[in-house]
Every structure is written in C-alpha cells, then in structure tokens.
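In the two complexes that follow, chain A is the common piece, with chain B as its partner first and chain C second.
The block that comes next holds the complex of A and B.
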C-alpha cells in the first residue's frame, strides 16, 4: 500500500490486549487518513452517551496520508476522541515529527481502548508493542518525562507523546505534548490521563514507499517553490503566528480582557516581532518537512523568570494568556506559556478561564474568599502564573477553573455565564467574530466547539488576490470578499470545512493549503496524493472526502444529542457591540447567525429545524451505515 | 560542496527525506546521507551532518579494502561500493559519523553531492544548506 504503513494498532489498556488490523481499502477510499479515518473509527468504537473520561472512550492517533514523505508541512497528526469539555466530537491536531515516526513504526492509526489500573506508557518499536509501568513518571512534568525517556533509551530519534500533571488530574482542557508541539484543544490530555496513560513512545525503521516517485517529487518541488515565493510565508517564518499581533491590534481585532476590548495599547510587547528584536527568540522550529518553520523556541536569560525555556508562544497563546488577561509583561507571558507546556495545559482555554475569573472578580461575582485570597486584577502576570499552577494541580479555585468556563459558570451562577466565552463547552479561540461573519458561522457550527483550526475562513477577508479569486469561485463574485457581510457565508464556510478536512486527512498543515495564499490548493493536494498513493483522485473528489469527514463528525454529535441550539455563539458576541475602532458597534446578532445557519444547513442538505443531516445527504456521501444507525435512533429528520 | 549554515536549520528534516528518496526512492532517515541532530550544547539548535569532504579523510585511514579515495578532478571523497565490505570503520573514525551503513545493500555510503545537483539543498527552505561549486 503506497504512502501508508498499511496497519492500524489497537491497544486495550483494561485487558492489556494488543492487536493489529489491516488498513482497509474502504477506509482509505472514503476517508483518506489522519483526521478522516480517525473520525470513522470514532463513530465505530464509541457507544453513544459514554463518559468521555470513562473506560468506554477511545483515544485515537492518526498520521496523515502524506506524513513521512517530503510533501510540504506534511507531519501533522490528529488526535480524536469524545471530548470531555463538550461531550461531543473532539479532534486535536498537532505538528512535530510523531506522526511520521508512527508510520515508520508500522502503523497509520493507533486506537487506545479501556483504562489501565496503574500508570503505564506505551513503547512502540517496529511492530513491537509493549505496555510498560509508568508509576515512576506519574506526577512528573512534560519536560522531565521526555528527559527520562531520552536517558532511558539513549536515542534522540524517539518520538514522545505525553501528558503532564494537567492530564493526570483530568483538567478538562489538558493537552498532549509532542516535543514542543501541542495537541491542545478540548482536553485530549484529560482523556489520556483518565486512561492512566502517561506517554506513547514510538520509533521505527519501516520506510514509506510511494507510487510514482518522479511525478511526486516534481509536484512537491513545484509546491515548495510557490510557497517560497509567497511573501506572507516569510512573515510567518520570521515572526511566527505571534507576528500577527500588531496588525490584528491595529485593525482593532485583538481580543483583550476577555473580549471586552479589541485593542491593547502595549500589544507590541507580546508580539512575535518583539520576541525576535529583544532576543527572547532562540530559534525557529520546523515540523516534519516544513520549511516555513513558524513554531518558536524562546527563553528568558535574566530577571525573575530567568531559565524559562519553551516552545512557542503562538498568537493564540499571547492573545489568551497575555492580552486576554490584560498582561503585557513579555516575560510573564513567556513564563505562563512555559508552565502550560510543562503541566500539559491548552494555553487558549487556560487563558480563557483565567480571564473569565478576572472578569467575574471585576463584576463582583467572585469573592476574595472564593479566589483563595488571590487578587484577580487585570494585568497581573504573577496571578496568572499562580492560577496556572492551581489549575494543573486542581488546588483551591484552580479546581473550579479546571472544569472550563462553561461548568465553572454553572457553579458560580448569576450572570457569570454571559462572560464565559465558549460554545458547546469549549473555550473559543482568540478571534473577534462580531465583525467577521463567516468566521462567526464557522465557529458556531464547528463540531468540536469554536476553534480556529477547523475552518478559519481566511478568504472572506479578501486580503490577497488568491483569496479574492477563491471567493469568486465559491460565490460567483469577488464582491463577497468582505468579512462584515453575512451573505454567502454558508457557502464560504462549507468550502473551507471541506478543504480543512482534506488537509487534515493528508496530514498537511493548513498554513500551506489555506491561510491567505491558498498555495497548495485542492488541485495540487490531489495530485500529490495521487502520485504518492496510486489512487487516482481529482480536486472535486478530494473535497468530497472532506465533506464526508465533516458529515460523519456532525453525525457523531447528532448521535450524542446535538441539535441546532448547540450551533451558537457566546452571548457576548451576539449582544455586546465592539467598543472601539472601525468596527465599533458591530455584533453578530442571533438573527444574523440564524440566517447564516439556514443557508449553511440548506447547502449541506441538513434539516434547518434540527440541524440533522437528511438520509439522502448521508447516502449521497456513501455513509449508509451512519444513516441506518441514526434512523434506528430516530435521528433522521423528516421532510 | 554543500555549505551548512547550521544556525538557520529548524530541524524540519526535509533534507533527510530528500536524501533517502534520492538514494532509495522511498522515505526513511536511516537511508539519508545527511542527518539532522539536536545541538546538545545549545538547546533549540540543530546541526545537519553530512560528509564535509575534509582534507584529513579520517574515514579512509582504516578502510581494509581501500574503497575510499579522493576524486582528483572534483576533490570530493568517494566510496566505491564494489570494494566496500560494510565493516563500518569509516563511520567509526569520522569525527561527525557522517557515513552510513545501508542495511539493505550491506555497504557504507557517503554523500556524493548528487553529482553536482544535490536534492537536499532544493528541499531546504530555511536556507541552511547551500551549494558552493
């Protein structure tokens, strides 16, 4: 089987049972790989209404179909499970080199079932799989855990996916760390912690073979050349994602103080440019076969946070732990980022719960007694750092915040839910969507909750000729390349969803396939996949696979009880206008969102009342089994 | 020659993929004649290692079959696969452990500069690898 390893690995931690499954041609044809095959496996292996932190949840790791090759930025791995933050579908995408190594070890996907009785780690080397005792590692942070494995096995080619105390303590937004990269969103680390699985260490020497070497090499070199010539990519290389801070801030689209403001006077101090100019940036890190190398490695050489060293920070991190909490002290933000990485916590959700708590304190919904004597004033970096510790270890108020904003707001009561910036239970990425209508819709319908790595609709901004050309292709006119208008947003979001899903299935990074330049477009993606796999697939069919993936993810949520009311936005964005800047006064009202949802559901062939897919829609996408099961549950809408 | 500007290396390993592809038409770093290692003295940095075609030719010093020589025209160090018995003395003596032993073929290999058109350089987007003719 070209470009694949050809096998899936199952590990049942309850029964200490390990078995292999041949990667079926049907899975490959229908879902390609990575996120796609993971979604199909999740549908198959989860019993509806299972506890996400119970033994019936499965934790699935999937390498992309092109991972382990030199296709540009092709090393992304998808982690999939039922999400503890939302009780719905969850996938978390991560870069680095772990996915390619899993394929070298002989497996495209890894499915972890059950729950161990004691802390364990998995050692996967060349088709040899062992469940090993990890009692001595339980309680260790991520860096110490990695250090242990490097010392133990004496080989720097190990690829390690592990959790820190955040995952062990089942913080609802705990991450899985892969080196300096993070599968951050939705609490995949909590699921791993609930299974008492500390780490998965992989190493292998099985090469990845491809179908047509000459053509594959040629098309990849073409893609690399196009990427190298694109100016936007240079900025990303130089300053990382945090290089977006100054421009977002100038546009008054930089969420500050829990989205109360969208402009921060001292924002430059937490920008990628500043980190570079002031010597905090040590080096840029590249994920597998990624010349863009947007990831950072930063350190602090002097002062009270001396010795801080970590991957990142990303835009989302400085926006959430920094601006969102009103913190502009560079060192404090770097320290907070470092702590999240060591404890294994998602920086977006961690910042989000802290700023929610700060706003509750400001509005006197939280007393100083409840905060354990901590003064939760805006902008105090030390308080943020202290709260990160408390959250990871579930101490004091940290235990409440570790549940995420939705559950914390339910506990505090009163009006605190209004400032809880989440949908479905997942804290939202730091995107101002009162002014960006397509983005607002994308976040509302996102099956894992409001997150940017699922369907960020860059094209609606119309900031590049490529973006405007794409809008014309989708909507028939370039006029729709404006993010403040709600018309045609359904079509724009749907196209992006398809393309994101195809990108994730191939294991590519969305920075090369989407992101302003749209350089590795579906046509180029389909060519790369065809030459690599020998499976002839065109642009339209590739996007259709994307649609199938989106639809089975939606179906998963329907099976778990989701309806139209779950596709919404945080209260603040629908009711509280932007306060300053060129977009002052804008909200994405409930009515406006409703109209966009109607268009979106219609285009998908989903029922407008319930949001559920019609039977013909599922069958048209060859998801007959899904249709049958939903029908048996009475969850197929009537015409 | 391939010039390495190691401070520009981001550890993406595209060069390893390119080289193993060039050698074997498949992908695995074990077959790459260039490999990227972590800089143990400076955390966060990487070092691409490949044959620097050095003047000393440590690799040839104990080669039992005289398989390693310097090409008088190009000045490059070359390894004759027909003569090599795969003993690995070249790898042991090279201060950078630059040669590899190809498991499948049972012989040592060193970077031959792709006959003047190295593929690894084409794939090195960060610009850590340069060709100097």
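The block that comes next holds the complex of A and C.
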C-alpha cells in the first residue's frame, strides 16, 4: 500500500491487550486518512451515549495520508474521540512530527480503548508495542515528562505525545502536547487522563513508499515554488499567527474583555511584531515538511517572569489570555502561555473561562468569597496566572472553571450564560463573527463546537485574486466576496468544510491549502495524493470525500441526540451589537443565522427542521451503514 | 488669480516590516478627488522598498479599519493602515 503504513494499531488498556488490523481499502477509498478514517473508526467503536470520560470512549490518533512524505506542511495529525466538553464528536488537529513518526513506526492510526488501572505510557517502536508503568510520571508537568523520556532514551527522533496535570485532573479543556505543538481543543487531554495514559512515545525507521516518485516530486516542487513566491507566507514566517493582532485590532475585530469590546489600545504589546521587535522571540520552527515555520519560541530574560521559555504564543493565545482578559503586559501573557503548555491546557478555553469569570465578578454574580479572595479585575496578569494554576489543579474556584464555561454558567446561574461564549459546550475561538457572516455560520454548524480549524472562510473577505476567483466559482459572482452579507454563505461554508476535511485527511496544514492564497488547491492536492498512493482521484472526488467526512461527523452528533437547536451562536453575538469602529451596531441575529442555516442544510441534503441528513443523502455518499443505524434509532427525517 | 487647491489630510500608520522603511505614522496631503490608487502611487515613488509590494494583493491596506479597493475615494481625516498579510489561529 503506497503512502500508507497499511496497519491500524489497537490497544485496550483495561485488558492490556494489543492487536493490529489491516487498513482496509474501503476506509482508504471512502475516507483517505487522518481525520477521515478517525471519524469512521469513532462511528464504529463508540456506543451511543457513552461517558466521554468513561472506559467506553476511544481515543484515536490518525496520521494524514501524505504525512511522512515531503508534500508541503504535511505533518498534521488528528486526535478524535467523544468530547467531554460537548458530549458530541471531537477532533483536534495538531502539527509537529508525531504523525509522520507513527507511520515510520508502522501504523497509520492508533486506537486506544478502555482504561488503565494505574498510570501507564505506550512505547511504540517499529511495530513493537509495550504498555509501560508511568506511576513515576503522574503529576509531572509536560516539560518534565518530555525531559524524562529524552534522558531515558536519548534519541533525537523520539516523538512524544503527553498530558500534564490538566489532563490528569480531567479538566474539560485539557490538551495533549506534542513537543511545542498542541492538540488543544475540546478536552482530548482529559480523555487521555481518564484512561490513565500519561504519554505515547513513538520511534520508527520504516520508509513510506511513493507510487510514482517522479511525478510526485514534480507536483510537490510546483506547490513549494508557488508557496515560496506567495507574499502572504512571509508574514507568517516573520511574526507567526500572533502577527495578526494589529490587523484585527485596526479592523476593530479584536475581541477584548470577553467580546464586550473589539479594540484594545495597547494591543500591539501582545502582537507577534512586538515579540520580534523587543527580543522576546528567540527561535522559529516548523512542522514536518514545512517551509513556513510559523511556530515561535519565546523567552523572558528579565523581570519577575525571568527564565520563562515556551513555544508560542499563537494569535488565539494572546487574544484569549491577553486581550480577552484585558491583559496587555507582554511578559504576563508569555508566562500564562507557558503555564498552559506545562499543565497541558487549551489556551483558548482557559482564557475564555477566566474572562467569563472576570465579567461575572464585574457584574457581581461571583462574590469575593467564591473567588477565594482573588480580585478578578480586568487586566491583572498575575490573577490570570494564578487562575491557570487553580484550574489545572482544580483548586478553589479553579474546580468550577475547569468544567468549562457552559457548565460553570449553569452552576452560577442568573444571567451568566449570556456571556458564556461557547456553542455546544466548547469555548469559541477568538473570532468576532457579528460582522463576519460566513464565519459565523461556520462556527454554528461545526460538529465539535465553534472553532477556527474547521472552516475559516478566508475567501469571503475577497482580499486576494485567488479568493475572489474562488467566490466566483462557488457563488457565480465576485460580488459575494464580502464578509458582512449573509447571502450565499451556506455555499461558501460548505465548500470550505469539504476542503478543510480533505486537507485534514491528507494531513496537510490549512495554511497552505486554505489561507489567503488558496495555493495548494483541491486539484493540486488530488494530484499529490494520486501520485503518492496510486489511487486515481480527481478534484471533485477529493471534495466529495471531504463531504463524506463532514456528514459522518454530523451523523455522529445526530446519533448522540443533536438537533438544529445545537447549531447556534453565543447569545452575545446574536443580541449585543459591536460597540465601536466601522462595524458598530452589527450583530448576527437569530433570524439571519436561521436563513443561512436553511441554505446550508438544503445544500447538504439535510432536513431544515431537525438538521438531520436525509436517507438518500447518506446513501449518495456511500454511508449506507450509517443510514441503517440512524433509521433504526428513528433519526432519519421524513420528507 | 491663483487657483486654490482644496487639500485633504490622511493619516497613514505603518506596521512591521514597513515601519522600518517608512516610520510609524505620517500625514500626507492630497487633492479632494484623490483615490486610494493615488496614495499607493505616492508611497511607491517615495519609498523604494515599498514598490516591490505595491498592490493590494501583496499587502494589507485598511481604510478606516476596512478592507478596501484601489479605486475607493479617500476623504479628509481618513486613516490608512499598511500591514503585511497574515492569517491566524
């Protein structure tokens, strides 16, 4: 089997049972790899209504189909399970080199079942697999855990996925750390912690075979050349994603103080440009086969946080732990980022629950007694840092916040739910979508909750010729390249969803396929895959695989009880207008969202009343088994 | 009698890496009928390095905080921001 290792690895931690499964041609043809095959495996292995933190949940790691090759930025890995934050489908995408290493070790996907009786780690090396005791590692933070393995095994190609105290304590938004990369969203780290699984260490030397190496090289070099010449790439390399801060701030689209405001006077101090200019940035690094190197490594050389060194921060991190909490002290934001990385916490959700608590305190829904005497005033970096510790260790008010913003609001009650910025239970990425209609729809329908890595619809801004051409292709006219209009957003979101899913299945980074330039487009992607795998696939079929992945993810949620009401937006975005700037007064109203949802469901072949896929839609995508199961549960809508 | 030209003043803010070449901010004057294209032409003439990236596809130009088109008119008191294109997450 070309470009694949050809094997899936199953590990049952309850029974300490390890077995291999041949990767079926049917899975490959229908779902390609990575996120796609993960979604199919999740559908197969999860019993509906299982506890996400119970032994019936499975934790699946999937390397992309092109991971391990030199296709540009092809190191993405998808982690999939039932999500503890939402009780729905969860996937978390992560860069780095872990996925390629899993393939070099002999496996395309790893499925972890059951729950260990004591802390363990997995050691996977060239088709040899061991479950080892990790009692001595339980309680260690991420950096110390990694340090232990490097000292034990001392190998440069060791790849480690591990959790920190956040995952051990089953914080609902705990992450899995892979070096300086993070599978951050939705609590994959909590699921790993519930299984008493501290780390998965992989090492391998097996080659990835390419079907037609000459043609593959030619098309990859064409992609690399196009990416190298594209000016938008330079900014990412120079300043990382945090370089986006001044742009969003100038546009008054930079969420501040829990989305109460969208402009921050001192925002520049937490931007990628500032980190570079003032010497906080000490290194850049990239993922497998990446020529952009958007990741940062930062350090604080003096002051009260002297000695802090960490990967990042990304845009979402400075927006959430910084602006969202009103914090503009650069060093405090870097320290907060470092702590989240050490404890293994998602920076987006962590910042989100902290700023929600700050707003509750401001509105006097939380007393000083309930905060344990902490003064939750906006802009106090030390308080943010202290709250991160309390959340990771579930101490005091941290125990409440560790449940995520939805559950915390349910516990505090009164009006606190109105400023709990989440959908389906997942805290939202720091995107101001009251003025960005397509993005708003994308967040509302995302099966895992509102997130920027599912369908960030850059093209609707129409800022590049490629983006405008794409909008014309999807909508018939460039006039729809405007993010403030709701028309045709269903079509735009659906195309992006298909393309994102295909990108994730191949293991590519969306920065090369779906950002401003749309340079590695579906045609180029399909050629790379065809020459690598020997499976002839065209642009349309590739996007159809993406559609199939989206649909089985949706079906998973339907099986778990999701209906149309779950595809919504935070109350604030539908009811409180943007306060200042060129888009002052804008909201994405419930009616506006409703119209966009109708168009989106129609295009998908899903019922507008329930949001459930029709039987013929599932069968048309060759998801007959899914249709049969949903029908047996009475969850196929009637025409 | 000398014809009086009605001038407008624009504030331009430059972000890294452009501020190395052009400073943080500057005020420029134009005729009332000026368009964004005229502003870009001025900057291209004035700053040698800027000429390499003087289309809206290669840089981000925001007019009063909004993405804009090259044929948009500019008005007195407008703020133009010049930034490098970036995406985020």
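Details
We take it that the second predicted complex is superposed on the first by the 639 of 639 C-alpha atoms of A that agree within 3 Å, B and C clash if a C-alpha of one lies under 4 Å from a C-alpha of the other, contacts with A are read in each partner's own complex, and residues count from 1 in each chain.
Definition applied: a residue touches a chain if its C-beta (ideal position, glycine included) is under 8 Å from a C-beta of that chain, and two chains touch if they have at least 3 such contacts.
The structure displayed is predicted, hence computed values, not measured ones.
Once the two complexes are overlaid through chain A, chain B and chain C fit side by side, free of any clash as defined at the top of the document.
When the two complexes are overlaid on their common chain A, residue A:473 makes contact with neither chain B nor chain C. Once the two complexes are overlaid on the shared chain, A:289 sits against chain B while remaining clear of chain C. In the superposition on chain A, contact is made by A:464 with chain C only, not with chain B. In the superposition on chain A, contact is made by A:228 with chain B only, not with chain C. By the touch criterion defined above, A:44 lies against neither chain B nor chain C after alignment on the C-alpha atoms of chain A.
In the superposed model, A:206 lies in contact with chain B only, and not with chain C.
After the chain A superposition, the centres of chain B and chain C are separated by 80° when viewed from the C-alpha centre of chain A, nearest 10. Look at A:299: by the touch rule set out above, it reaches chain B but stays clear of chain C. Contacts of A:68 after superposition: chain B is touched, whereas chain C is not reached.
In the overlay built on the shared chain, the residue A:104 is in contact with chain B alone; chain C does not reach it. Nearest C-alpha atoms belonging to chain B and chain C sit 17 Å apart in the superposition, given in whole angstrom. The contact surfaces that chain B and chain C form on chain A in the two complexes do not overlap at any residue.
Interface residues of chain A facing chain B in the complex, by the touch rule stated above, are 68-70, 97, 104, 156-157, 205-210, 213, 217, 221, 224, 227-228, 237, 282-293, 297, 299, 309. Taken in their complex, chain A has these residues touching chain C: 231-232, 234-236, 238-239, 241-244, 246-248, 250-252, 273, 276-277, 314-316, 429, 452-453, 456, 458, 461-465, 511, 515-516, 581-582. If you check the complex, the residues on chain B that touch chain A are 10-14, 17-18, 20-21, 24-31, 37-38, 43-46, 122-126. Residues 13, 15-17, 53, 56-60, 62, 64-67, 81, 83-89 of chain C touch chain A in their complex.
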